Every structure is written in structure tokens, then in C-alpha cells.
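Chain lettering (A, B, C and D) follows the sequence in which the chains are written, and residue indices restart at 1 in each chain.
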Amino acid sequence: MERTPIIEMKGIVKVYPDGTKALKGVDLTVYKGEILGLLGENGAGKTTLMKILFGMLHPTSGKIFIRGEEVRFKSPSDAIAHGIGMVHQHFTLVEVFDALHNIILGMEGHGLFSKIDVDRATEKLQKLMEDLNFKVPLDVPVEDLPVGVQQRIEILKMLFRDVDVLILDEPTAVLTPLEVEELFAVLKKLKAEGKTIIFISHKLNEVMELTDRVTVIRKGEVIGTVNTSEATPQLLARMMVGRDVVLRIQKPPKEPGEPILEIRDLWVKGDRGEEAVGGLSFEVRAGEIFGIAGVEGNGQTELIEAITGLRRPEKGQILLNGVEITGRSPRELYEAGMAHIPEDRTHMGLILNMTVTENAILGLQWMKEFQRWKGTIDWNRAREHTRRLIEEFEIVAPGVDAPVKSLSGGNQQKLIVAREVSKKPVLIVASQPTRGVDVASTEYIRNYLVKLRNEGKAVLLVSADLDEVVQLSDRMGIIYEGEFMGIVKPEEVTTEEIGMMMGGIRYEEIRK
Amino acid sequence: ISPGKEETQTKGAIAIVYDVGGRGDLSFNDMAYLGASKAAKDFNLELVELQSNSEDDYVKNLETLASQKKYLVIIAVGFMMTDAVKQVADEYPDQKFAIIDGYIPDKDNVMSILFKENEGSALAGALAGLIAANDGKDKVGIVLGMEIPVLYKFEAGYRFGVKWAEDYYKQKTGNDVSIDVIYQYTGTFNDAAKGKAAARAQLAQGAWVIYQVAGGTGLGVFDAVSEVLDSQGKKMGPPFAIGVDSAQDWIKPGVIIASMMKRVDVGVYTAVKDAVEGTFKGGIVELGLKEDGVGISSVDDVMAMFNSLPEDTQKQKLKDLGFNSKDELKQYLEQTRAQVPAWIWEAVNDLKGKIITGTIKVPAPMDKEGIEKVRAAKTWQEMMELAK
Amino acid sequence: MNVGDVLTILFTSLMAMVPIVLTSVGAAWSERAGVVSIGYEGVLLMSAFFGAIFAELAHNAIVGLVGGIVVGVLLGMLHGALTVYLKGDHVIPGIGINLLALGVVPFGILAYWGTAGQHQLPDDAQMWHIRTPYGELSPMVFVTIAIAIVTWWVLFKTPLGLRVRSVGENPEAADALGINVEKYRFWSTVYGHALAGLGGAFMSVDWLGLVHKTMSGGRGFIALANMVFSGWNPLVSLIGGWLFGFFDALATWLAPKHIIPGQFILMLPYIMTIIIVAGIIGKARPPKWDGRPYKRE
Amino acid sequence: MKKSGSELLKSLNFRPFIESLIAIFVGFLIGAIVLLAFGYNPFEAYYWLFQGALGSTRGIASTLKYATPIMLTALTFAIGTRTGIFNIGAEGSFYFGAIAAVIFTNVWDNMLFGLVMGMLLGALWALPAAVLKVYRGVHEVISTIMLNWIGWFFVLWLIVGPYANPNDPNKTIRIPVDARLPEIGYGLSIAIIIAVVAALLTYFLLWHTTMGFGMRASGMNEKAARYAGMNPKMAVMWSFLIGGLLSGLGGAMKIMGEGPTYAISQGGANIYGFGFDGIGVSLVGRNHPLGIILAAIFFGMLRAGTALMQAQAQVPLEIIKVIQGIIVITVAIPSLYDLIKKAIHRGAAQ
């Protein structure tokens, strides 16, 4: 079959102003009507390449051809004019605007000074949503919407602009399995309509399921392109990392010990005063990983915040090592032996404008270890500590005094894990620990959590990645609207059953 | 030194240090400049001017000049420089200084030039009070700048004049009048808008003549009065404003009936002259009505002030005002004054004479307590008691 | 207090609100686009000065107002170039502009008119006013109200406003949709300063009919407070600016009564502002990218 | 010890310093053009500027004297910025520090007591803004601007009324001789040393204590600070209070350490404006205490040099202000450094 390339990028080099050589001469061909997967470790250059294609960045050198014609994009509007749209890894939404205004921004129609024609835009959007079979509320500020919905808005934004090529940078990182399924359905539908899609993901099974071909990038260079039908996850992982990657986690059986964390009839209110958590009770034992699975927005965030002292519960009790800790401050909780890997790494887990060292002792600053006199911080000791963490966890960082934002996402996440573990906790609360992290780092972090469990620590794991929960957990609770539909051992249930529970059907009812 | 030899070469230098108000404060800085530049011209001297950015600059500026050891006399403008002059004068005993408004009685090399603003203000008060009484009004106003004790002398003098006017009017016509003084410290010397609002409020509350003692803020007072005239389709008052410090009448002819002049220019000129002629003496020089150090502006005073402006400025200003010549301006000023009956002007003159001869004394309170007493006094005689 | 007094206070406050409201509205627009400036004090002063020159040269007050706008535009371009294109700090240039004005205006008054510190505008360079025995009202009062309303409408109802707000909230998002962030930010800055320029010229050619070397009197800063007070909303800025003018006029009217020491009367507008904000308005959220330069790479 | 010294040196970033120097240089260059345009000789003008500021011991003393109060008010602004607040309340706290010094040294004539009371009242005047911010969410720009004005009129009332000097009503009562700050020479008191120490302590607080770490973290990312067990609300409180304390100290030392008056002048003429100047100093010093020391001295130089620049080069103060304005504006452009570097590279390539 003769295929026509819709996009050809030739010899793309990108050197960032700070001297980072992100791309070292990349060639990329995308054929019309295909779904191309783009794979690579954190920092390999995927986003950079796509931003260049979308006109957000200018290549240092190299050429881009669209439908055989050479183009030079000054800004994204040029790319959009050529039918190329991009959904960014970090959402680019104006949080205070509603979905409608986010979508029509820049394409409002009529003159700049006329009243925005809300009705016409709504009509067009309604039709788009009907075609794709998904819904978003158009008149709610997007900051009040769950991430899954936010992402749909991002996609709608591009489709509203009638693009032919849709670039999706790690679209599934924040989605639940159900949402991923829905997204894939949409993407397949778009493909059937003749649209071309470039899909970036760290999840090999997704790439395997969705794409036609896969291009793998490592350290700014193309390693190769394979037809998905001829590839295996192992092959792709090896291409990405340059070595074999263990995709299955080894988890020896272990008898759990004493309960470390006990939750008794916990009620927590959400930001808008709704009952986010409605009377949860469970326990996490020493040497056990307790996973919480569920569609995002079912109270996981509020639950974790309540446990880690960031949100005051309405009623109920939380016990750590048998001591009541309800309503204690985060600092007291750390001192009592709790560590927390937060779900929002860039906004909560790290302070991006601070250095690696400062981030490495964030929350540990009161420890005697870092104080020569009480109340002061001895940065030399802190640097020592940071160097140890970097070494032990194989974190790639330009230096201990470099700003932490110069670390790749995977390494940032590793740093958080390293820091939290260095608190020598008895309980680790891990929320989305591998979100957006490449395969190698994912492997590392998952193995580390298992190691902690093997050492007898208690791990509370919340993840939107169902595979992760199933693979790692000794027991798991499936949460729906703030309540557990069931607490089960992963090996005792099927994926379908879990899916039903995530949809709000109680385990007992399924078993009947 | 033989005078009049080398015309082209200046024969020396004098220096002047302005306070933070600087040139254009419409007050003692501008008047000091007037005197100094006139003296520089007359005696063929170089004039060096230093502005002060803040009060911290006084010592620095004076010291910088003194250390150059080339000035016949250094003139410090404003009471706020008193301590600075004392200090620098001690450090440089051979350097002559003159300070305006600052009280330094006991140094051979410092001439303190003080003004009896209370006396001049009394005339302003008498003028205002009589205009009001004559028109059957019972209120006059005074808009002041920041509440600082120097201004108490102005307020007290004005109050005194108004009370004196009540008495005079009664004796002249047999009618009892009681004229209230609406007074207000606007808290600033720099905000014309604030002065305008204050004057507006006073006019609304019945003030018939307003005396402004507020620097740049006072410009708004003129504007407010002129607006009221406009709204009545009048070109000349009453109501009137009274200017301060210099003969300000030319700023808004027709609106300003007269100004209370404080002849800082004369003081400065005298100091320079004394220094040039070798008759400079340290100590206090106090200038009141008697010495023509203060007074109510005459049309000639106003014209002299006007003439001190650059040629171009004069021409432009005449054009702006709609006059073809200086004479027209002069006539207009005279006409403005004619809105007030001659007996009033004579009465003001009468008061002036009595103050000069010393039969009448005007209080000059120095602090809050003092001004409170003046405010509480019921008659000018009572106030005069306070002056003793 | 009788009707006349009430009218006096009302007229005084309406006139007093003009420069504050115009500056607040302009600043609100500029900050909605993400550009902070604290140089409005200097803009007011310089445009009061240059506006008067324009008015005199043309013998027309409206030309003076336009001249004020031009000065605002130029200073806005300077600020925009520094902050938007050169990615400089947003606060420093304002300090510089304020200093500049304190040099340019006194020097300029003396150099241009030959009078030190002040200049009175001739009648033909002054704005026509509605005259009443209780005070005057300039057409600019209505223009100001109109500008506030229109600016509000454009900001919240039109594509232009949507884009402006988007570059102040999330320039990345706007950029990704092909909106030229720098262009919108730059011209928003210019618009903000232009309104302040109009406000400054109003002070000289319209309200007071004079130029004085320090006539801005802190209004640039009051306007900024009013902008925050309004929650970056032009319509609320209008009300806030008038309220401030009202309390100021009321204080001025009360001052001669000497019920309490004058200094305490002078505090009234400031105290009222705090009370209103603390008691009624409370939290104000600035645009998310306010004051932050946006760089793509 | 040696190691930590070099570590310190390494941790300091000299780029901002060099950037500022370049910006200042460019500012002087543009200023020179302005001078030329008005018919003044820029070389002569600048010569006298530097001569006045640095050419003699007396000049240096006055440079440092000018630098003292703005150093402290700049620290106030910097601490605010580092904690994520735009605190322009230094002005008000400065007034209260000054009046506190006057009042309390006359109660008990003791230098330390005066300084402490200055700091306390300075902090006290910052308290309302802090409380309003933390508990009512009132934006600090409103509260501090309003508080500055309220404080101004209040202090004016104190100056003219209760604390007016009965012997010389043009100022307040004086600081008793024993309570004045000792003089180093040429009118320079130990206030400058205290100010520098305060800057160093501020640096230490912000970068070497857990409290400062908490403040900076809160300023950059409140959510993360809370997560890390810090208390952002208290950080804001402390930022205001310590800021107020420093400005209060500045106000107190302005009166206790600067002759010849050792009193507040009527109309508050010698305590006005330092808070606003501090903002510029802080920004030019990149909101870093060590940068602020240098920036304050730089601003002190500009002011100390004006007298000779006026007297010898006959440049009027207004033009000097224009030039200072230009210099401040150029300092806003960090990329000036890059622009110049690029231009040089391009030049070299050709």
C-alpha cells in the first residue's frame, strides 16, 4: 500500500538557551491516517520534538515538511492553520474560565470587539461531543473539574479547530482505566475519520494497543521505528532504555504484621463542602501494601489529605501505631513516622524554584541531623544527605545546588521517593507514585515500594493505574463516591469485577 | 577691593541652598531665589544654587559649599535648616551664612533673617474680615498646608485681623458683626486638588474670602474661588482669595484680591549686600511691617513680581490672560481692588500704622497651646494680651 | 448639612474620582493581561504636564487630553518593552518612571513656561464644564464612567477581553492556541498607561486648570489600591474610586468643624477603605500570572 | 570552617551582581546622553558625582549615612517578597520606629531601649496588615498603602501635638544625649554597622534557619510548604512582623543616629519616603540581603554625590533625578546581560 507522509521532520536539532542539547538530529515521518506512538525515557526529547512540530519552539536546525511542503512555524497558530493540534502533557487551560471559553479562546469568531457568540459555539461543541460520544460541562470553571474532564476539554479545543493531526503528549498519565478506554475509543474513531494521531506514553501496553507504528527516541536521537504488530513490550522497553527491563514485579509472599494505620469511620468533606469520604474504615499492616483503586475524584485525594494532616476530617479516627493522630499537623505526623509521596509532584511534592538540596530536605529540616544549632540548617550536611540520596536512588541531576526544575519528571519523582524514604517511616502513603514516569524509573519505584514492604513497613498506595494497584497490593480497596465497594485480595478477583466495583457495585452484590 | 573694574568677570560667588520644597514652592524658596538672583546681578556675583532632595541633604549641601571656601555668603532657606547651619557654621567659622526663618542668635558668622508673618497676616485678616462685613457675610476662611507650628503665626495673625475688623466695622457703622474663621489644615503643601476641595467646602459653608497658606495646595484655592466666580458669570470677586508669601495676584488676577507678602527676597538681598560691603553682622534680623519685611501687596508689588519673570513668560502670560500690554494687567489689578471700597483699604492701612508704631501687637504663637489660646480668644484685645 | 452641601460633596467626589478611576481601570486591564506597573504616579504627573502643553499649543482642551493619552502610550510602550519583550522585572521600571517624573516636570515647567513650580492654563486650553453654584462637573466624569463600563464589557464579554484575560491567567494556554502573548500583553500595558495618561491630563487641563510640580499627590498609588480593592474589575473600580473620592470629600467637608484633630479627619478615607475591604470584600485573587514575565523556552 | 567558606562562595551567584553592574553602566551611558542633550558635560558631571560620593572620607561617610535607612526598609520589602507578599508597609513602620525612639528615649534615656521600642512599634504597625491578610485575605497592597497614610497622619499629630519640642516647636523633643548612637566620624553613626548586621542576620534567617526556610518555601509554593509541615500563615505573619521590626529599627536609628537634629522635624520631613525608596533598593539588590547592602550603598552614592554635582558641574537636581530614574529603569532588564553578550558574540563572529 502506498502511503503518503503527512509530516516529515528532517534532522531536527534543538539546543535550549541554557545549552541543553535536547535533540541531536531527529528524523520523524508520520503517515496520513495512522496512529504513531512516540516512546522514550523521561527527558529523551519527545515533548521538545512535538513542541517544535506545533510551532511553540523553533528548531535550532532542521526542516519540517507538511504534506510535502516545507514549513516554518512562527507560532502555534501557524501549526493550527496547517491542521496540526497538540494536547500538552501539562494541561494548558485557563483555570478560571469555563470549558466553553477555554475552547473558543483565539477562535471566538466575529470581530475582536463584538460580543462573544456563545450560542453558536455551544452548538458546534454539542455536535462535536455527540459525534465523539463524550460530554463535558461547558459552563463550569475548569479548575473545578476532574483531570479526565479537563483533558477532554483539551482534545475538544483542538478538534474545534478542525485539525487533521492531533498530538497527544502523555494523555493517559492522569487518566483512570475507564477514562483511558473512553479516550482510546475516541482516538480510534478519529482515526477512522481519517485523522492522524501522534501518541506519547510511558505505558507500553497502551502503545501496543493503540498505535500502528512506534518511534523510539533516546537522549535526543531516534533509535528506531517499528510496526506495532511486529513489536513486543520487551522489545520497546529495551529500545528505550538500552537494557532489559523487568516489567513484572517480583513480590514474595509475606505474612503481614501488626496494624500500623487504622482508619475508623472516617468522614471528610471536599473543597465544595460535599461528602467526599463517607465513613471509611480499614487498616494497613506492617509488611503490607494496601492499594486503593477507583476512578479519580471518588474521594481518594480527600482521604489521603485527611490521613496526612492536610485536611481536617469531619469525624472518625485515624490511628498510627495505635496512637490517635486525627487532626495532627503534617509535621507531627512525620515525627510520628509517616511519609507521604503526594500525587501532585510539581505543586506539592517539590518547590520547583528551589535547589535539589533544598527539596531533598523539604519536611526534614527539623531533623537534628541537619542542625548544628537548634533552629538552623547546616547546608553542608544537607548537601551530604542529598548526595547520598542521589547516589542510592540513581537520580540523574546536574548537581545538588541545581534548581530542581532542571531534573526530568522521572528523576524529580525519584527524588521525592528518596526523600520520603529517608524519613525512616513506618508508614508510607504513596499517591500516584509513577504517574508520568518512564518505564525504567517506574520499575525502580515499584520495586522500591515492594522492598519497603518486605522490610516490614506499611504502604498505603493510591493509584489511578489499575495495573499498578493490582500488581503491587497485598490487599486492595475499591473506592466509589467515598466508600469502599469491597476490600479484596487482587488475585481473588477478575479485572471485570474490579471494573464493576469502580462503577459503584458492591462486592457482595457481584458475588451473589 | 575696588568695585566696577572688570565687568565681564564675576567678582565672587554666593550660594543658596533651598529646602526640600525647592524652586517652585511658591513660597520662601522662590522668593529667596528672587533676592539672590537680583543681588548676583547687581553686585556682579556668580550664583550657585543647590536643591535639597530631602532633609538629610542640608548638612551635606551646606558642608559641600562651605568646604569650597569661595562663597561670600551661603544662604540657607528655611527653618528646617537651622540645626544644619548651626553645625556647619561651627565647623567653618570663616564662612558667612544667612538663614531664612531659622533662629540662630549667637554666632558671628550667621545672620538669621526672621519675618513677622503674624503682622502681615493680621492685615490679610483685616482685609478679609472687612470685605465680608461690608458684604453682609459672616464667615471667612483660611486654608493651610500641613499642620506645622510655623503656620500658627499665619493663622493667629489672620484671626487677629478678622477680630480687629469686627471691632472696626462696628465702630464705623454701629452695626454688630460677628465673623467666624473657617480654618483647615489640609495635611499637604503639594496637592492642588486637595486645596481646591478644601476651598470648595469652605465656600459652601459660607466663607467669603479665603486666605491660602498652603504652597502648591493653595493653587487649588485660587481655582475654587475662580470657579465660583465663573458660575456666577463674574470676572472679579468677591468672593476673593488672598495669596501668600509673594505677590501672587498675577497668578489669577481678579480672583486674588491681594497677597500677604513675606519679603524673603529683601532679606536675602540685604544679607548679600552686607557681605559685599563688609557690613555683615551675625545675629538676628527680624523683619516686620515696620521694616517692610511683610505686608499686603500693592499693585506695584504685583507688577514688580510680574516683571521678574522672563520676558517670554510675561508675554505669554499676558496673552493667556487676554491682555495686550502690561498696562492692561495693571489696570485690571487696580479694577479688582476697586471692588473693595476704599475705606477698607484705608482701614487696613490704619491697622498697619498701629502695628508699626507698636500700639497694636499681634500674637505669634509658637506651638499648639499658643494657637489654641488665640482660637479661644473672643476679641482682638484679648489676643493682644497673648502677644505680650 | 443641606442639599447644597450634599451637592458640593457629590460634585467634588465625582471630579476627584476621575484620575483615580481611569488609572485603576487601566491598571486593572493591564494586570488582567499580567503586567504590573507601579509607575502610574509618574505617568499622571508627566501627562498632566505634557497634556497642558498640548492643550495650549492647540488652544483646545481635548487635544490636551489626547496629548495625555499619547504620553501614557509612550510610557506604556517603554514599560511594555521592558517587561513584556525584555522580560524585565515589572516593579522596577515604575520606580524609575516615578523618579523621572519628579525630575522632568519641575524642570519642564520652569523651562517651558518660565514660572517655577506652577503654571495656570489659559481659558482656551481648559475643558468646558457644567457650572453650578455647588461645583463644576466635567464631561470627563461621564466619559470616565463610560470608559469604565466599556472596558468592563470588553474585558468580560468580547473575544479581545477573553484573550487579554487568558494571557494574564495562563499565557502558556493562550500561546498554545496561537494567541500572541507578547502582543496582547504589550498593548494591554499601553492601554493601561494610556488611561492613566488621560487621567493625568484631566487633572491639568480639566479639573484644576493648572500644572503644579507635585500635583499627582499620591493618586497613582491610591489607584493601585483601588484596583486591588475592585478585584481587578473595572466596574467595581468605578465604584471604589468614587467611594474613595466621596470619603475624601466628606472628610474635607468635615474638617473645618474640628470635631476631632484634623489629622484624624484626614485618615477617614483610608480607614474607610480598610474597613470596607476587611469587612465586606475580603479576599481578592489576582490574575495567576500577574507580574510574571512569560518566556517560551 | 575553610570548606564552608568556599561552599558559601560557591553557593553565591555572582551573575545578578554582574548583571546589575552592566545595567547601571548602561544607565549611566543613557544618562550621559541626557546630560549632553541639556548641554552639560557628562564626564565632569559624573566626575563630581563620584568625587562627592567616594572622593573623600567625608564623602564615603555620607554615602554610608544615606545608605543606612534604605538598607533597612529594603530588607522589609525583600523579606516580604521572599515570603510571597508585596509588602509596601515599610514606610509606615519607619514612621513608628522614629516616633517610638523619640517617645521612649525620653521616658528612659537608654539607647538600647529606644532601639528596641522602635523595633516593637515598627512591628506593631505591621501587625494589622498581617492579621488582615491571614485572617481576612485582605491583599497587602491595599492594607499597607492605607496603613501608611493612616500612620502618617497619626505620627504628624504626635509630632505637632503631644511631642512637639517646647523650646523649638519646629521639631519634636530630642533624643537625650546619652541615648544617641555613638558616632564613628563625619556624622556617620554606628547605625550603618547595625544595618549591615541586620542585613546579615536577615540573610542568615532566610537561608540558614528552619524558620527562614519555611518562609521562603511558603513564598514560592504555599501548598508544598504546608505539605512539608510548615505553617504558611505563620510565615506570612512573621514576614510582616520581622519586616516591620526592621523598618522600625531604621526609623529609630534615623532619629537616634543622625545629627544635628536628633528629633523628628515638623511635617515629618526627615522620616518621609524611606519606605518607598527601599522598594527600589531591594529590587536592585535582587531581594537578597547581601545584594541589598550593595544596592543601598549604590543609592547612597547617588545621593551623596548630588551636592558636588550641583555645585561644581551646575547640573540641577531635576536632571540628576532624571538620570537616577533612567539608571533604575535599566536595572529592570536582566536580559541586558544576554543582549550584550549576544551582540559581542555576533560581533566576534563577523
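Quick note on the criterion: a residue touches a chain if its C-beta (ideal position, glycine included) is under 8 Å from a C-beta of that chain, and two chains touch if they have at least 3 such contacts.
Worth saying up front: this structure is predicted, and the values here are computed from it rather than measured.
Asks: Is the number of contacting C-beta pairs greater for B-D or for A-D?
Replies: Between the two chain pairs, B-D has more contacting C-beta pairs.
Asks: Averaging only over C-alpha atoms, locate the centres of subunit B and subunit C and give their separation in whole Å.
Replies: The answer is 34 Å.
Asks: Report the inter-chain centroid distance for subunit A and subunit C in whole angstrom, where each centroid is the mean of the CA atoms.
Replies: 46
Asks: Spell out, as numbers or ranges, the residues of subunit D touching 2 or more other chains.
Replies: 153, 156, 160-161, 316-318, 321, in rising order.
Asks: Subunit C: which residues touch two or more other chains?
Replies: Residues 106, 263, 266 of subunit C each touch two or more of the other chains.
Asks: Where in subunit A do residues touch at least two different other chains?
Replies: In subunit A, nothing touches at least two other chains.
Asks: Which pairs of chains touch each other in this structure?
Replies: Taking the chains two at a time, the touching pairs are A-C, A-D, B-C, B-D, C-D.
Asks: Please name which positions on subunit D make contact with subunit C in the complex.
Replies: 128, 132, 136-139, 141-143, 145-147, 149-150, 153-154, 156-157, 160-161, 276, 279-280, 283-284, 316-329, 331-336, 339
Asks: For subunit A, which residues are in contact with subunit D within the complex?
Replies: Per the stated touch rule, the residues are 308, 310, 329-334, 340, 342, 344, 347-354, 358, 362-363, 365-366, 371, 375-377, 379-380, 383, 401.
Asks: Could you pull out which subunit B residues touch subunit D in their complex?
Replies: Touch residues, subunit B against subunit D: 15, 20, 22, 48-57, 59-61, 63-65, 68, 79-80, 82-84, 86-87, 103, 146-150, 187, 366-368.
Asks: Taking the touch rule as given, give the residues of subunit D at its contact with subunit A in the complex, in rising order.
Replies: It is residues 3-4, 7, 10-11, 208-211, 213-214, 216-217, 220-221, 223-231 of subunit D that touch subunit A.
Asks: State the interface residues of subunit C toward subunit D in the complex, per the touch definition above.
Replies: 78, 82-83, 86-89, 91-93, 95-104, 106-107, 221-222, 224-225, 228-229, 261, 263-264, 266-267, 270-271, 273-274, 277-278, 281-284, 286
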